[in-house]
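First chain A sits with chain B, and in the next complex the same chain sits with chain C.
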Partner chain A sequence: MIDVILAVVGGTIAVTIIGIIVGLVLLGIDRKFAAHMQARVGPPLRQPFIDVAKLMCKDSIVPENAVVSVFNAAPLIALASAVTLLLYIPIAGFYPLFGGLGDAILVMYILTVPALAMVAGGFASGSPYATVGAQREMVTMIAYEFPLAVAIVAVAWRFSMAGFSDPFSLATMAGVGSGVVVWDIVGPLGIIGCLILLLVLAWVTPAELSRVPCDTPEAETELCGGLVAEYSGRNLALFYLAGGVKTFAMTALGVAIFLPWNISWFIGITGWTALIADVVFFLLKVIVVMFFSVSLIRVSMARFRINHLVSLYWGYIAIAALVGLMMIILDVFMKGGVVL
Partner chain B sequence: MAVIETLNTGFGSWNPLIWLAAFIIAIILAWFIWLRGESDYRKGTEQTKPFISGNAEPEKGEVHVRGGNMYWGFTNALEDYYERLVPLHSGILTDYILWFLGVMAIVMILVLGGGLI
Partner chain C sequence: MRLSKSLNRSLWVFHFNSGSCNGCDIEIVATLMPRYDPERFGIKLVGSPRHADVLLVTGPVVHAMKDRLQRVYEQMADPKVVMCIGSCGQSGGVFFDSYNLDGPVGDVIPVDVYVPGCAPRPEAIIDGVVKAIAKLERIQEAKDE
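Up next is the complex of A and B:
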């Protein structure tokens, strides 16, 4: 019992610290990427840390129309739920801290909690901009959840067909222990299906993170920040931190499902050097995933209107996800790859 | 120990109490960060008025987003679907039971058909 308590307390504290630091560094790298693609120098990598420090010194205003308890609780819930995501996701090829205590379905549910907290905070702000922003956030969530679910279920089903126990476990998907990843068990059709699902996950990421072109809930130029329009100071700082942690979690989820390889076995090193090499390699993969699914998309596109966003995710991206799933199913029926 | 046992289905796992414990610890840590921030602001001044780009705040009823508009965007994008779906909601109970039985029949055919295959 004591070891369980220690694992929960120690693990959560460690993951909170690591999640916040890596999340803010990722936000800094994203800003640097965006700046260079727009022929700007951009802010220094530590700018997100400076922003948070600055916000912590600012007045934390509670609007007179706000429901104070919900307004103040929303940022806390957003950050805390984003942190718990990292407890279930394999990092750098290690078994997740809570690996046997929750699976990919749980991660999909927890992913909605920070967004729901922002919705609650938006509605509790008592501002028209925030209310419209919260409404848009709910619609956005409905739009992207289906393709995300199809992508994850398709991969889990393929592991199930290959005879793996606990196919919904992210440790199983990441090949922790077995060394077998989804690309090892699929045939040619399955490879095409997985590539489509990888693209689907890359397109779900900006919507999940409310980044351009899916930032309709915040939409600075039309809603002045939308659901965070009334947030300032320490409350806004916590939402910012939650955004950083969620960026880390989403990109780590993509890496765990589709790009889970380590580098230590490839270059034949062991011990501490292997550990450091795997962690560095994992962070590089996270940065690459973030570049293609966040930075590149947000620099090259303008914001979608909310009804276009729903059409895109329930139409094109959902169909793409179903095509990916069908190709994986066909792959199994044609005995491609590893089938039990 | 039974209360913290994990539900293992063979396909996945789920332990709500462990997640809840981690969530509470994370909330406490977030609260510590929140406490370190500036808590002061000028109550009862212009600062606490809702921001509407400098415009005067309209009557609250006028800017209230009604439940019917809550999912605008979704209903607008799927207009063709809703145009067909809404008229089916006749409000007559026997119609709904007929739909229920029809859908149940289709589901049973799919399940039993899938089982036979």
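Up next is the complex of A and C:
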């Protein structure tokens, strides 16, 4: 019993540290990508670390008309729930720490918690800008939740049709142990469907992370930072960290569902070299996914208006997700790929 | 004040227009363009005074803006730096002795660095930022000793 508790506590601390470091490095890489696309040099890779260190040693102001407890708790909850996500998502082909205790549906629920914490913090800060930002964040959440759910459930359903006993587990989807990924079990139609769902997930990512073009809730030019307008110092640093960890979690989720291959499956290496090669390969995949779903989109687009955002996600992207789902269903009925 | 090395390398800037003619604001925007790329040094524009380390004030502080400027200054978290961009914030400039001025900026809030010019070139604004960083480093060294 004691060693189980030790393993859980130790693992959680390790995941927290790794998550925060990788998350901040990802933010740095993202800024570097964006800078190079705009023909700039850009900040050094460790800029997010400097930013966090600076925010940590600044004053943390609590506005007079804020609800102090909620205002201070929100950043902590956001960071904690973002780290919790990583405990359920397979990273570099390892079985997730809490993989046996929760599945893709739970991950989808936890994905909303950091956003909800920001909404609570926004309402609690008692500033009209933060309140408007919080309302927009809720609308954004409602908008992107449906395509995200369709994408994840479609893949899980395909696994169950192929006769997997635990289709909703992210470890099953990522082929941990079995080495079977979604592309191995779908037929030609299913491949098209999965490609569409991959694009849908890539488009849900910026909304999930509140990055341009979906940073309507934070819109610093019109809402002065929106949700986080009143936050400063340590609390803002915690939101910053939560953003980094969430970027890591969201891209790791995309990698786990659609690009879960490990390099060691292909070039028969074992032991430590395989471990290191897998981790490096995983990080490369995460960076590639982040480039296409965050950096590229955010550099090439302007911000959506909130009603455009809703009609885009409820209209076009939801339809694309449903088309992908239909393709996968047809694939099963036409007995393409592996069907039980 | 808790100054640190990381503050010098990550100055977040809030831009406040206290009634300027917009000439200086355009030059500030030009400074933030890819050509000068201040993000190399971690400098970026933020939307809320709560997030900011540097307050860039342009304009001569007209009567209606005095309270706002003071409030924005107080809303910023310590440690903070104030830079005054443009001649009219220093002396009134072309608006000198106007009936509606409560400024210049130095009379309303404490200013750390003045950047003269009407309007100053981006190079001058960057030089001002370098002076601000040098000042922060000097204060830090004095404190360390």
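Observations on the structure shown:
Basically, the second predicted complex is superposed on the first by the 340 of 340 C-alpha atoms of A that agree within 3 Å, B and C clash if a C-alpha of one lies under 4 Å from a C-alpha of the other, contacts with A are read in each partner's own complex, and residues count from 1 in each chain.
The definition used in the following text is that a contact is a pair of C-beta atoms (placed from the backbone, for glycine too) under 8 Å apart; a residue touches a chain by one contact, two chains touch by 3 or more.
Keep in mind the model is a prediction, meaning the values are calculated, not measured.
When the two complexes are overlaid on their common chain A, residue A:K58 makes contact with chain B and with chain C alike. Once chain A of one complex is fitted onto chain A of the other, the partner contacts of A:E220 are limited to chain C, with no touch recorded for chain B. In the superposition on chain A, A:A35 makes contact with chain C only, not with chain B. When the two structures are aligned on the shared chain, A:I306 is found in touch with chain B, with no touch to chain C.
By the touch criterion defined above, A:M138 lies against chain B but remains apart from chain C after alignment on the C-alpha atoms of chain A. Touching more residues of chain A than its counterpart among chain B and chain C is B. Shared contact residues on chain A (touching chain B in one structure, chain C in the other): 57-61, 129, 224, 229-230, 233. Those residues of chain A whose C-beta lies close enough to touch chain C in the complex are 31, 35, 38-44, 47, 50-51, 53-54, 57-61, 129, 219-221, 223-225, 228-233, 236. Contact residues on chain B toward chain A in their complex (touch as defined above): 1, 4, 6, 8, 10-15, 18-19, 21-23, 25-27, 29-31, 33-34, 36-42, 44, 47-53, 60, 63-65, 69-74, 76-78. Residue ranges on chain C touching chain A, taken from their complex, read 2, 4, 6-7, 9-10, 34, 37, 39-42, 45-48, 50-51, 53, 75, 77-79. Those residues of chain A lying in contact with chain B across their complex are 1, 4, 8-9, 11-13, 16, 55-65, 75-77, 79-81, 83-84, 87, 98, 100-106, 110, 125-129, 131-132, 135-136, 138-139, 142-143, 156, 160, 165-169, 216, 224, 229-230, 233-235, 237-238, 241, 306-311, 314.
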